[in-house]
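Some notes on the structure that comes next.
Chain IDs A, B, C and D follow the sequence of writing; residue 1 opens each chain.
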């Protein structure tokens, strides 16, 4: 298995190959190019697993494979591969989910008789290739480039049904909002190059290591705008954070994700649940050595994470369409990961990233199969009673919901609980911000439990409330198989890192993820980060006590939320209970008017400014140019009047000219003196 | 009753002032200039003969003068050209210049040229 | 011995009178007459300075200018004829088509 | 010898095309224009120069012959190519060939004259990019305007006369101002130079031979000359206050002419800025760093915002050319390898991408006969391939990675961020970078309104997919953009060799 890492580039290139095949020969292939996609992702998945095994055996790989721009006496810009536990794990996640989504697409797109399939599978192939390219990137520039390519693919795939009005504008919005975030990220990349001279994540001149040494005073790096090193690193961290917030749909820049549901559901599952949205969090994890040095940035990340978790969870409570609920749930769950990263819980956040990828992809695919059954009607109030007719989908969906809500044996519980645990102990260790974030995170657990089970009960339980719900459209194996696989994963993924069990019952050695993430380069592994983070941990009633209390509280809240949903919605004829919320209802319906103010900024502020500028440009700047030309035209027309056509006038002018000339000469020549 | 010619004064004479102004300037200049006495010609010198001789580059004349043979020839060409030009300008279109015979067609040709031409001429 | 200035003043006077006629008259024929006058003024100067320098060139040149004046009048009248034919009038202020 | 051959062949091709019958003019012109392309590729393959032509680097394919005497200066016919001009020469030949190919459909009257003028313009452009003697260069510089004036004036849109005259007079006055600037510089050098050859003048200036002229001290003269030349070239670039001729010229010009206008003519301004202002007077350039950076950022943001307000597709792309050229100015003033090198690379990249965008708009115009965004929607339904390439081109314009646009823009941003010219450079770079968001904004907005959504078209034309010979140039340009995006070193290495000597002058390191 030693040489397997040499094949790492193949993981990225296989999907790219499928992109080319689908684009070029998609029309002529059966299933519109899907087989190429499935084959490629399957191949990548196997390679990824092999890489995972090799990496867990302690190998790492950090090689520059392509020089993009070779600076003669300036720094070279290169592409390279960095395979370490973090990226190996992410490789497996991305390739697995991409493979399952490709299979699911057979059911969702092909059986549904969709047209333009080559374009769809080409988009998926390009997306998978770009995402994998981003995961294995060894420097910030390559990461940024694939970050943007992923944004492009999400634009193409959201806007797949471009013949209607909805998807293209949703795609445009998604691209623009993430582009706004990427603007800050690009400044961050350029700032890192300018400050450290290199943007590598690992290796001798890795910029986190350089930053660490600079702070320790070993050597100086050039800072800008007259800031000290600590302040400048914070600014650079925040700049890169801009891109992360944009791509992972965190608080200010989250409005594009719910609209991105306009795209086909497999796309939502792959892109807007598991992989692309994870890119932001993965990036922070990738350069965590840099973030760990700046406490203010970590605090900001934690705050954004906590607030987004609560903020999105509240909005998820009142949504009608199943995919909208899942969209807000995604935003909320990524809030948790950011909270984990902000609170110094590097392993916790990565763990939640992994488990969330599985159960959220599962939920989306489940929703997809429900949508197939309901002939593309996503409104939960027209569903109900699908439990008996779609058992496989139901049980997979249930497993995913339990994981999402964070009920004990399921994956969600372990990862979310560890995130909250890390936040709690570091909060108690003397940083009130983390406590506030912890409180928000905890409150969000309740809402998460509530909206998850509200969704489950409305969709699957009770009496079917519409004709299509009574006899739903059947789904074939290609939908059920991925659901089953993900269902199992959502249930068992938690076993990888059962920290509470280890702490409470003292069974050492079962936190495999911690050990796994420790096997990286010395500057990239988990305990190095643990040393770097500026938090110390405080406990109430010893370590075991805090674990127990934390787990109990979060489980209790989740069950409470689920219970409330059970009471309200698990009745044969559930009815909307939103009037109880009173005025809050309208606020929640309109998602705190976030969409409105962002759209207002674009159309209400920027467009009028550009129109005014345009008028100014036409009127004044162009006016000046035309003015100058009109002056010469005016002078011309005046001069023309001298040519009256009458000969005597010319004779008179001639005589006057002569006399004037004579006078002039006389004066100069002194004739008159 | 016949009216005697009056001097027509009025604003149309204003351009004339330019001429008067020119005269004033020239007069002032000439008055200001000082000329030595003219050399004049020798007593009884035969001027006309000298002019004649200078015309043909012969210098027998009693009074010196530059030879003007070339000028003499050129002025001849100018006169011929002026004559031809004048005839050309004065000729009406359409006349081929053949002799106008005595009008034996009862004046039809003349009427046509005079009156029909009127319309054509405008 | 009449000093040269008086001749100059005489010729200037004759010249300006011709010019005055040119500027104020509207009849093309009178233009010709005025031009003749101006030419003769030049002749006066020629002859005067011929006498002044004691050289017969001035006078021979005077002859040439007279010949030239004749040629000029010939062509002038031809033009006036065409003018009349085109504008039915020899009034100079009417023929204003030759402009922008 | 090959440069003279290249220019001569193009002139001959132009003359031959003039006399050809209209029927075969298009095809013949295309065939004839392949010869300069071959010539430029041969030049590229045998290219062996190193260093900057003006600063003593050895020049490729150099010929330096005394031509005629003019007072104390003897004018040389000096031509040569270095790392900066060769990419532009290759760009010119390729773009002209593709422009000619793309004009088979739209141009349907007086074809032979049209193609003749296009080839004539190409010859002059090659002259501009290869001439190294001021006299020869200025002749070609002015000569380029004449064919473009006729291309806009004769085959243009409804307001073509106004646009053509405005373009010609505006650029001519600018050339006059620039000429005054440069000649005052030459006089300032007095008799330390014996000819108008640019290398000689540049080296004399570096050696500090500049003495005062007309009452101005040496540095004052340098500043005045710099400003005059900058204003002269700024109109051509165009830079914001002087840009109003560009949208009119583009909207009224026929598509192939506006491809050439955006693709190459704008680069003459930036190329000249680099050759004259930033190579000959580096200290003066540094002293003007603040105003120039301000102008650059203004161009980027102002141009982009204007593009947002346009309804006509061509005006949108025209204004975004103003915005992209703002980046070049920012790169030039940065005086770092990636800054100036990126600016030169952006000239080539923008040439390809704006050419692609104009051609795409032209192809859509060929079938719909309208460029107004409000008149049509859902074009992708009827013209999938053209729409696909249009989308790809638009993303190239927005600076999508692995396309030439991103490579150029990233180099410029990196170069100008770390520039030591001014302390506030990072702020200016940050402000200029906001342009990439606005570019994305208006291009996506335009695409959404024209290409996507349900198909409606109130014109009475039957919309069909564009013929092969219209789509082929688009595909070629797109391919070139991607190849340059994935491997910018094709040109970037040679550009850096030519640019680095400039940086050492101003004490950059």
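Keep this in mind: a residue touches a chain if its C-beta (ideal position, glycine included) is under 8 Å from a C-beta of that chain, and two chains touch if they have at least 3 such contacts.
Everything numeric here is computed off the predicted structure, so don't read it as measured data.
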Per the definition at the top, count C-beta pairs in contact and tell me whether A-C or A-D has more.
A-D
If you average the CA atoms of subunit A and of subunit C, how many Å lie between those two points?
98
Taking the mean of the C-alpha atoms as each chain's centre, how many Å separate subunit A from subunit D?
37
When centres are defined as mean Cα positions, the distance from subunit B to subunit D in whole Å is 67
Taking each chain's mean CA coordinate, subunit A and subunit B are separated, in whole Å, by 101
Can you list every residue of subunit D that touches 2 or more other chains, as numbers and ranges?
none
Two or more other chains touching the same residue: where does that happen in subunit B?
15, 18-19, 22, 26, 33
Where in subunit A do residues touch at least two different other chains?
648, 651-652, 655
Would you please name all pairs of chains that touch?
A-B, A-C, A-D, B-C
Listed in rising order, the residues of subunit C that touch subunit A in the complex are 19, 22-24, 26, 31, 92-93, 95-100
Can you tell me which positions in subunit A touch subunit C when the two form their complex?
640, 643-648, 651-652, 655
Residue ranges of subunit A in contact with subunit B within the complex:
648-649, 651-652, 655-656, 658-659, 662-663, 666, 671-672
Which residues of subunit B touch subunit C once you look at their complex with the stated criterion?
12-13, 15-16, 18-20, 22-23, 26-27, 30-31, 33, 35, 37-41, 47, 50-51, 54-55, 61, 63-66, 68, 71-72, 75, 78-79, 81-83, 85-90, 92, 121
Within their complex, subunit D touches subunit A through residues 166, 169-170, 241, 243-245, 302, 305-310, 336-338, 378, 380-381, 395, 398, 400-402, 406-407, 410-411, 413-414, 417-418, 423-424, 426-427, 429-430, 433-434, 436-438, 440-441, 444-445, 448, 451-455, 487-489, 492-493, 496-497, 500
